[in-house]
Amino acid sequence: MHFTINGRGFDADVDIRTSILDLCREHLGLTGAKKGCDHGQCGACTMLINGRRVNSCLTLAVMHQDDEIVTIEGLGQVDDLHPLQQAFVRHDGYQCGYCTPGQICSAAGMLDEITRGWPSHVSDDLAKPSLDDDEIAERMSGNLCRCAAYPNIVDAIREVGSAAPAGRTADAKDAAMAEEIVA
Amino acid sequence: MKSFAYERAETPEAAVRDIDGATARFIAGGTNLLDLMKLQVETPTKLVDISRLDLASIDRRDDGGLTIGALVPNSDLAADPQVIAGYEVLSRALLAGASGQLRNKASTGGNLLQRTRCYYFYDTASRCNKRSPGSGCDAIGGVNRILAVLGTSPHCIATHPSDMAVAMRALDATILTLKPDGDRRRISIHALYRLPGDTPHIETVLEPGELITHVELPKPVAGRQVYRKVRDRASYAFALVSVAAIVAVEEGRIASASLAFGGLGPMPWRNAAVEAALVGQAPSADAFAAAADALVADARGYGANDFKIPLARRTLIATLRDLTGA
Amino acid sequence: MFGFGTTNSLTMDKPHPESLLDSAVQGSIGRPFDRIDGPSKVSGTATYAAEYPVDNLAYGFLVGARIGAGTLISIDADAVRSMPGVIDVVTDLDRFIRVAGQGGETQPPTQGVRDIAFMGEIVAIVVAESYEAARDAALRLPVTYEAGEGAYAFAAARAKSYVPPDGVTPAHFNQGDVDAAMAEAPVTIDATYVTPSQNSAAMEPHASIAVWEDDGSLTLYGAYQMPSTDASQLAKCLGLSAKKVRIVSRYIGGGFGSKLGIAPESVAAAIAAKQIGRPVKAVMARQQVFEATVRRSNTEQRVRLAATRDGKLTAIGQESLVSNQPGEDFFEPVGIGTHMIYSGENRLITHDQVPLNLVLSGSMRAPGEAVGMIGLECAMDELAERLGMDPIVLRKTNDASVDPEKGVPFSSRSLSRALDEGARRFGWARRAGPGEARDGEWLIGMGVASAVRGNMLMESSAKVELRPDGTATISSSMTDIGTGSYTILAQIASEILGLPVDRITVALGDTNDPPAAGSGGSWGAGSAGSAVYLACEMLRGKLAKAMRVEDSALTLKDGMAIGNNRSSPIGEIVGDGLEAIGHIKPGKQEKATTQASFGAHFAEVGVNRVTGEVRVRRMLGVFAAGRVLNAKTARSQCLGGMTFGIGAALTEELLHDPRNGKLVNRDLAEYHVPVNADVPQLEVHFLSERDVHANPIHAKGIGELGISGAAAAIANAIYNACKVRVRSFPVTLDKLLPGLPDL
């Protein structure tokens, strides 16, 4: 089978039952996407396929040979982080880090969905969704974080989405925390 | 997951030709099928990949209705301006279900055919008449807080998990199919699902190898629309009770009402008596109570799910209040 | 290995009033530094247990028993051995572990899987060339059993309860006469609270890669919180000397207690790898994590409070029933916080164990306080109402000045301050009476609860090396399970050695490095942090000597050593490099003082008056836990604890079929951990505090404080919102519905 992942071509001879997640983790050395539940119930495996966020554990590799697959490794690298990756670091939008690649891929897909005007369960006006806390929290609810960095994840995404309220940017939060420690 | 033969179909006609035998399955989004295959609850010997078929458009018909391709992802359907404008209850129901990632994958046709979330269905070591006909039902007398109170049988108390299908029932959708012999048929959503009776493993009237190609919605009807879902978490949880409602009030009277319910029965639930209790009445607490009484008249709890009966009553009454302003 | 020239060892036999973290001038400590491991985590390059590249790897998939109790008769390996890709079916009915290890134990957990003690017990592992083949064969493996009698229903088995051996808290404790005090007191509460079994549900499933080296030793890449003791557990299970087992746990995808001891996949992978002569990777399926690792026990707590009319407690009783497998000693220490949180002369705190054939009970985040503070703090709310007193005033009235049982002072205690500061910040004065505040369909209420978590110091060591290039390396078998260990250890070294944080490398989670207690019980920062402190203190002494000044006359800052009217780059005075090992041990301070961190939770909830759905609208935690080492990671720890409290209050419950013990909601769709939309912008505030009795860095544990009392604050807010008191957790809507007003 042939795959296009992060703009690179890969050939792999894998079992017909292989999910995209297992293809990446077990065959291609792309272990950034995580397996948390293997049943679409946690979101840790989220990748972008043709620009859309999906649970890579719940889709067969064989069905996606013609698609553009982007994993966390394709969003940015340690020395060249994507703005969302930077924001998660600055806002401490993680703790153990296991759900994090999925959160970030999901956030990237989610911001694009908002740009396209897609509504959510909490949109008052389905035709005009906004980028507030409730919208982000609802749209990111397919990504569990047991360490529960949720408030920081919301802040990180808002800052990248250019809608951070005053006092909720990473710099402002850092300043407030530093002040509290000194006091 | 047991191994399987895999074929990618290029046309609907080829797809139904490829599906040979009762142990083959179509796969589109795969979000439910692969979930179950991993646990060997589903063990198809062959998968026919229909995800590339040209069935992913939403088209307005001359009669003012919409024809939705069976492969339209849930996300796209929910965000479609025509759906938002004319069928808000459908958009709302879709957005109340699953997660953004799952909605991006899950298809319209597949969503209609979702399998139950009954705990015992999901574990091959448990007895389940739906999974393994004739083995018994561990849910009756077991842990059943999430299970059905309407339409159950001594053989099965599973619920249908879909939100979308509940809205489609309120919208009087029609399912278009293609059969292996090339025949096409139209099935009212009201006739699609079967009660469990003593064959809970047979959930719909679809024949083996019959492919859902489209869903038709009639032209938008008058009235306000709402989908209210009650669940244990704020998001990403199946309904305990849900109500899809379209209610029109004219000159102080309820002119029309279309009400369907999730979380209560083995299929998206609709009961003409509920609507009959409302139509022609002035919106009032009494009329709402009569409708709620009609809904739960035949309800039966199994212990831990008894609460769904008062919950359904209350949710319906509050929904009617919201829609009518009474 | 301790006591040599390069080791600086300290036993906490007396207070340590001076800390270099106060006198040093680098300015690193406490600051909200971004995690030093952050870039690797967000880019997906941090390596978790199942992600180490290993040649010639085979995949293992575990097989769990599908009966609730009985005896394993046979495994028909031949039925699956010929399936494509299957290498072998491996079992060892004597050495496979029946249950997971408990935290800190150096002895192995119960071994032997001939007897089936619970549904899900791991009895075999199928090894194959691919994950897909292993999974398929494992699910199809025919196993026959002889069904036995099991106890699955708590209500039915309670008659068989017994007094377990003492654990971290006494099983039974009695002081004075609670019955008599209850009879005499003008105001009393006697209520029973029930909490369910819970699962830690760390996002990373338990995973091991077992690699046998040529010298007969085992390297296990595992997801383990305490690698040093886990290596000992694993070695004994396999009949090896502890030196022959190396565990590597660089990154751990959450633990919350579930990875304190070894889990069944480690032993299975090791035995399978030996048998087939290849490395084996075994990752538990999520369903197996639920079924076969560890649960927090369910509890039933009878709480009795007796008070004078002005709210002075005269008696506190908390008598708990908890459960575990027959023969397992661990009991959920429900009353551990009750011993020290409030004064009151007559006290009865007991734990009785109900034997149940369910997955092992063990530690989950704040074992004891997480559930015990639910019963106690809800009862305090009920008492306040009965007294007509503000619940904050009631708590302050009973704030203890010395340990109410041992009579010793607290090492530091800021409970009343936390309550007052929280009340001010939260707007407690605006709280309405029960059922009085409303926002449309939502009934609004506020609740409060105290937080307490015992502080522990665990023997730990760490090595710090200073190099001629002016960089430093810290190494220890300490772990970072998401707590921020990597970062705070770098900050401690940075502060004392006067090196910028980015010049410090931290290597954790390898038992080849100096042993530490790992992560658990919130002891990690205080214990490993003190070890790093002591190593740096010794290095500082060596640098002073190199600069020919007294220790006190040396200033280290920004990579420079300054003293005796000269300054030098630190790298230039270390010769070929300097190293030191720091070693900390608990001592007499443990008994001379009672050590705990304290705090207060404030919650505002909405209860939907139609459906009974509950949403947390606001939440504030005010905490005092000694020195805060990193304001950012400490805050995140508290956010996590508070969110566990939201789950405990509203959604989390393991449901076992009472007929056979089957855990029915064994996945993340039906075991409801909070999702993003369940959690509002939580607020965390730290009170400044130093604890000179705890350790030389003056910090106490914080990872579990945030959960202690959190669920009670929410339940109390629910009562305040809708005037319905639910004493059975989680407070799901079905329990509220009967008490809500008619529509």
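Order of writing sets the chain letters: A, B and C. Residues in each chain are counted from 1.
In the analysis below, a contact is a pair of C-beta atoms (placed from the backbone, for glycine too) under 8 Å apart; a residue touches a chain by one contact, two chains touch by 3 or more.
Here the structure is a predicted model, which is why all the values come from computation and not from measurement.
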item: Overall pattern in which the protein chains touch one another (line/ring/star/complete/other); value: complete
item: Chain separated most widely from subunit B, comparing mean CA positions; value: C
item: Subunit A and subunit B, separation of their C-alpha mean positions in angstrom; value: 29
item: Interchain centroid distance [CA atoms averaged], subunit B/subunit C, Å; value: 41
item: Two or more partner chains touched - positions in subunit B; value: 1, 3, 38, 234-236
item: For subunit C, residues contacting two or more additional chains; value: 132, 136, 667, 669, 674-677
item: Subunit A: positions in contact with at least two other chains; value: 15, 17, 38-39, 137-138, 140-143
item: Complex contacts: residues of subunit A adjacent to subunit B; value: 15-17, 19, 38-40, 43, 46, 52-55, 58-60, 62-63, 106, 109-110, 113, 116-121, 123, 126-127, 137-143
item: Complex contacts: residues of subunit C adjacent to subunit B; value: 66, 84, 119, 132, 135-136, 139-140, 287, 441, 610-613, 615, 650-651, 655-657, 659, 662, 664-667, 669-670, 672, 674-678, 732-734, 737-738, 743
item: Complex contact set, residues of subunit A against subunit C; value: 14-15, 17-18, 22, 25-26, 29-39, 41-42, 44, 71-73, 76-79, 81, 85-86, 88-90, 92, 94-101, 104, 122, 133-134, 136-138, 140-154, 173-174, 177-178, 180-183
item: Residues of subunit C defined as touching subunit A within the complex; value: 30-32, 34-35, 37-48, 50-51, 53, 59, 85, 130-133, 136, 200-205, 251-256, 283, 285-286, 481-484, 628, 631-633, 635-637, 639-640, 642-644, 667-669, 673-677, 679-682, 685-686, 688
item: Parts of subunit B lying in touch with subunit C, wherever the complex brings them together; value: 1-3, 38-40, 117, 119-120, 122-126, 138, 141-143, 145-146, 230-238, 240-241, 285, 307, 310-311, 314-315, 317-318, 321
